[in-house]
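Per-chain numbering from 1; labels A, B, C and D assigned in written order.
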Amino acid sequence: MGHEINLEKYHIRTDLAIEAIANIKSETGIKSHVEKKEKITITSVFLDEKGSNHIGKPEGVYITIEFDDVTDYHNQENVKQIFSEQLKEMLTFLKIDSDDLVLIVGLGNEKSTPDSLGPMAINNIVVTNHLYMLNSLGDGFRRVCVLKPGVMGTTGIETSDLITSSVKGLNPDLVIVIDSLASQSVERLNKTIQMTDSGIHPGSGIGNHRKKINKETIGVPVIAIGVPTVVDAVTIVSDTFNYMHKHFSYSKQNIDNPIDRLIPITKINYLKQQYNLKKDDKEKLLGMVGSLNDNELKQLIFEVLTPIGYNLMVTPKEVDFVIKKLGEVIGNGINRALHKNVTNL
Amino acid sequence: MGHEINLEKYHIRTDLAIEAIANIKSETGIKSHVEKKEKITITSVFLDEKGSNHIGKPEGVYITIEFDDVTDYHNQENVKQIFSEQLKEMLTFLKIDSDDLVLIVGLGNEKSTPDSLGPMAINNIVVTNHLYMLNSLGDGFRRVCVLKPGVMGTTGIETSDLITSSVKGLNPDLVIVIDSLASQSVERLNKTIQMTDSGIHPGSGIGNHRKKINKETIGVPVIAIGVPTVVDAVTIVSDTFNYMHKHFSYSKQNIDNPIDRLIPITKINYLKQQYNLKKDDKEKLLGMVGSLNDNELKQLIFEVLTPIGYNLMVTPKEVDFVIKKLGEVIGNGINRALHKNVTNL
Amino acid sequence: MGHEINLEKYHIRTDLAIEAIANIKSETGIKSHVEKKEKITITSVFLDEKGSNHIGKPEGVYITIEFDDVTDYHNQENVKQIFSEQLKEMLTFLKIDSDDLVLIVGLGNEKSTPDSLGPMAINNIVVTNHLYMLNSLGDGFRRVCVLKPGVMGTTGIETSDLITSSVKGLNPDLVIVIDSLASQSVERLNKTIQMTDSGIHPGSGIGNHRKKINKETIGVPVIAIGVPTVVDAVTIVSDTFNYMHKHFSYSKQNIDNPIDRLIPITKINYLKQQYNLKKDDKEKLLGMVGSLNDNELKQLIFEVLTPIGYNLMVTPKEVDFVIKKLGEVIGNGINRALHKNVTNL
Amino acid sequence: MGHEINLEKYHIRTDLAIEAIANIKSETGIKSHVEKKEKITITSVFLDEKGSNHIGKPEGVYITIEFDDVTDYHNQENVKQIFSEQLKEMLTFLKIDSDDLVLIVGLGNEKSTPDSLGPMAINNIVVTNHLYMLNSLGDGFRRVCVLKPGVMGTTGIETSDLITSSVKGLNPDLVIVIDSLASQSVERLNKTIQMTDSGIHPGSGIGNHRKKINKETIGVPVIAIGVPTVVDAVTIVSDTFNYMHKHFSYSKQNIDNPIDRLIPITKINYLKQQYNLKKDDKEKLLGMVGSLNDNELKQLIFEVLTPIGYNLMVTPKEVDFVIKKLGEVIGNGINRALHKNVTNL
């Protein structure tokens, strides 16, 4: 081909620690704990300094909850409950007392549906700090206040500056920050909640909030909660290449099984098992491109799509309904974790 | 009647200086300048220390613009233009430079239509501060940023505290605060803009933001812009008593004019001229109640309606359309006053 | 006064049968049944031809449910339940079968909050007719479809024509129509649901839908459900005159009771008992105006306010929250009455 | 590979005639006329019976307008103007008189942003039919009324049935139907308007309205206006394969040009010229997959993505802003074409 592909232009970033780790776990000593409840997978990772350097994510605890479609009512309830329990554990871990003041910040643009998860979740929060100021805070409730700082493109204000000023004025004991993220995989889109005490470095996701918000920068413990709600075309294409490998590997292994011919392929999820293609087969199938590793492949696709303006960030067409439900999961889940007397909001 | 009416329970407050002055102007030395343009009336009042004590409003300049229905397109344009010119004069008076940073704050609850004027106006502001930070601010534009602090009932945060913190962090040269007010007259409802450099003392209007926001409290010049969007039942009733007086006075004077009988009364605005009833006639018409002065009347109505819960704060049923148009008037008018190169937004 | 007041210009109309009857019940043979449940009053009236002629409302059954503020969660639940039970009884009375197709129509303008009750209620309806068409209608559910016809001012289409066409095309067994009404009393504002099988004659309320919708015009039984959400200034003022009478009557009767002086008047609801002033006292208190009967008083106030444009239609400033809750009451109540298997939506 | 790919499972459908034709134009006698104005491309195609059979689209005139991002103000104005002119020509072609009654129908779900183009456009229409009924229709305006039928999933009513009933009741001379479409190319997403007199066969796009709406079914001429607002993952991936071919072809041709090395590839749009790879190179680059033609490729990707549930329909993350602007283009463009006296709305 003459011209060599510059494979370094696409700096692959992910907001999800679980994805960063997946790529290199084997080479490092990073350990993760995986648990399954009601078809929901909970992965806990503790990144110490060494692990942090390895994967380029800040030190801290990362809890990842993976689940199916939350527009299903029963599934939504299960996710809400498990998210709430995990958040309670994180509060205990961070030694937050039951009467500590909590400020909850919803990042993102309320008027842009795929970026509105933060403000949407805030709309579901049981706010109580003003009742405390009026001496009418009920038993089993703590002081909670909220902030929707908006996005710099519409406010003209650096979001992290606004948060920092507000924290100085309010002096909360804990800040919870909620944001929409970009996904590095089609599978996790709208189906993953990440929770971490390592803060948030906006700008990686779909907003551009840029300055870090963590215990060092604002002087107060921070829990960042994020859900990937958008994905770029590079990810869709590179995931499809991988699915192609698995699809062919599956076909190869099962072709002699006569029963399989009767099962329509639409019923088979070949992602659930390991179907890996050998290098030779990959190249037969996808030529030179088939010989690239994951990063090289993403960089190539990025180099192809970017100059022509087609590396779109996209969101599923059901975005309005999904964000509404996710906002309920996050908002209600936070209520149950923060207020003893809230069990169903 | 035996039981004497306690006439002091209803503390009559008004957010509009023009109303406070109207009641007592004759007794004081307060002077006001009145100008008419295109059926729009502009009243300017300068309150010095003495005047301030007299009427119980803080010292400062008060500009009041009175106009007809802004859901009429041409009238809306005229009001926008005149409001913009008055604001420019106020900027000059306060010595605000053309490249000074301005923070615009929209008070009120975006989700409660009659209280949403502030946030609605903010949605129409040309925000530029982020472009300045990116070195891409065009000629004829100044740095402008905005804040929608929400209301304490939904954020749990004292609104004035949030504004104070933000001002400390941002360090603007001027703060413009926009709010919905309560009216003390049916005539001015949705048909008056007040602009003042004396700050704002929320809590008088329909929100309950409570702490003063002015140059002393936040260390920066403040221009407060308000429009009365709600009125209480006491005002509707007491205004009607006054209209009754005028109506009967008009009838008395015109009864012998045979032409008048042919003009349907629906075409006559008897408010535009002076039709005053003598004390005797008032008592004949409205008995003991007719003998009360304005304040006594309001206090009586307040005493009647409050214990049974019917001193409602109300807003005209067209509130959604009117607030939208008023938000455009305020937002676009501010744009034209702040940015030299904006003439039609 | 010379000029005589033309007392006939204000044609007093009310959308609520209960109000029409209240004025003249004593003179007619119309009987009503009143029941109390959990502070909620249910009044049932059956208007035969004679009664219909008497009060100028069409023949039929009228159920009126009166209640307190539905922004209180527990009260909202009670109202929902009782409304649902009354609707079930009306279905039985009209011989609607459990698998009959029902079309629910939400009248009013979704973008004008005080007029949005119809569309808001529709948003809470469990719609099932498309599932029936796909053969996937579950047990305990009937076929339900909905229509938001909008208002003529934004669609250009006579609303009743659109409903008639749709009924012809769909052929439902029952049509339920939901609308916002105008109230003739401050007390009933947002605190009354009227349900009737006599159809709806829009144009009396705040929309202007004009043509009758009833069994005769559309060929299908109609249940009309309405809530008064706006009130005019005439009503506010004339109600206040009546409260004044009661207030003074109360004062007169209680002045010698020393305990009463210790009870702040704000705790006393003198509306709950009968405090009537004698004619003499009325005239002492309110002069010539005090001698008018209810209709004359309303006509006078109408004549005073109308020529100067101040007979505003108004709605309480909390309109956004109240309409949301009322929309849930109506929508959820209908669901429970129509679908056996819905008990909490 | 043993198992052969079933290439017929993915039935490639497109809502855009221009795409259907592109695939097979060379083999047929279908002629299209292409015009360029202000960077906007207008393609007109007349499909007679033979052409219709060839490409599987109904007979009629198809006008396609292709343009750049309409969130740019000046570009938006140009697109509006050209769309309006094309619509005027279509009205002339269909012999619609200047005082004929027009019904405009906005298909789609107002509460699902990517599917809300129809209702959004309706919100921008100058509606006049009610003024005509009140004898107050101004000169230079025709009778226009609108309908937002909603979607079957929320109304329970087959959308085309509701339209048919309404047309019977209203008897308009022309029906204009606006809908969101699915795109078969990333390039056309939100950047194409198709207008046709051949009616609309909903169900191909993102809604599922299913029954045909055309002159035969409703007895009145129909102009269908559509914009592709969503795209499926199959299209994104197959488009990327094609871009890869072009990218490599470009690299091959330009590698020896030393200047080219200095031009960052991000500045080069290699789609604008013809860069085609030979079959050999394709297979070297992409193996067996590189040897497939367009349809085979799409069918393969469909077979890979569908069983695992990842053939997502997606929309760009800026969907809220783009749909708002497109709704203005369509709504304002229709106003200018229908009403002589509207030039800027």
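The rule we apply is simple: a residue touches a chain if its C-beta (ideal position, glycine included) is under 8 Å from a C-beta of that chain, and two chains touch if they have at least 3 such contacts.
Since we're looking at a predicted model, the values are computed, not measured.
J.: How many links in the shortest chain of touching chains run from subunit A to subunit C?
T.: Steps on the shortest route: 2.
J.: Give a one-word verdict, same or different, on whether subunit A and subunit B use largely identical residue numbers at their interface, taking over half shared as same.
T.: same
J.: When contacts are scored as defined above, which chain pair ends up with more C-beta pairs, C-D or A-D?
T.: Of C-D and A-D, more C-beta pairs in contact link A-D.
J.: Quick one: report the Å distance separating subunit C from subunit D, using the average Cα coordinate of each chain.
T.: Whole-Å distance between the two chain centres: 47.
J.: Which integer distance in Å separates the CA centroid of subunit A from that of subunit D?
T.: Here subunit A and subunit D have centroids separated by 33 Å.
J.: Would you give the residues of subunit B that are in contact with at least 2 other chains, written as numbers and ranges?
T.: none
J.: Which stretch or stretches of subunit B touch subunit C in the complex?
T.: Touching subunit C from subunit B are residues 1-3, 111-115, 186-187, 189, 206, 230-231, 233, 236-237, 239-240, 243-244, 247-248, 251-252, 254-255, 265-271, 283-290, 300-301, 303-310, 312-321.
J.: Quick check: in the complex, which residue numbers of subunit D touch subunit C?
T.: 127-130, 133, 143-148, 150, 152-158, 161-162, 164-166, 168-170
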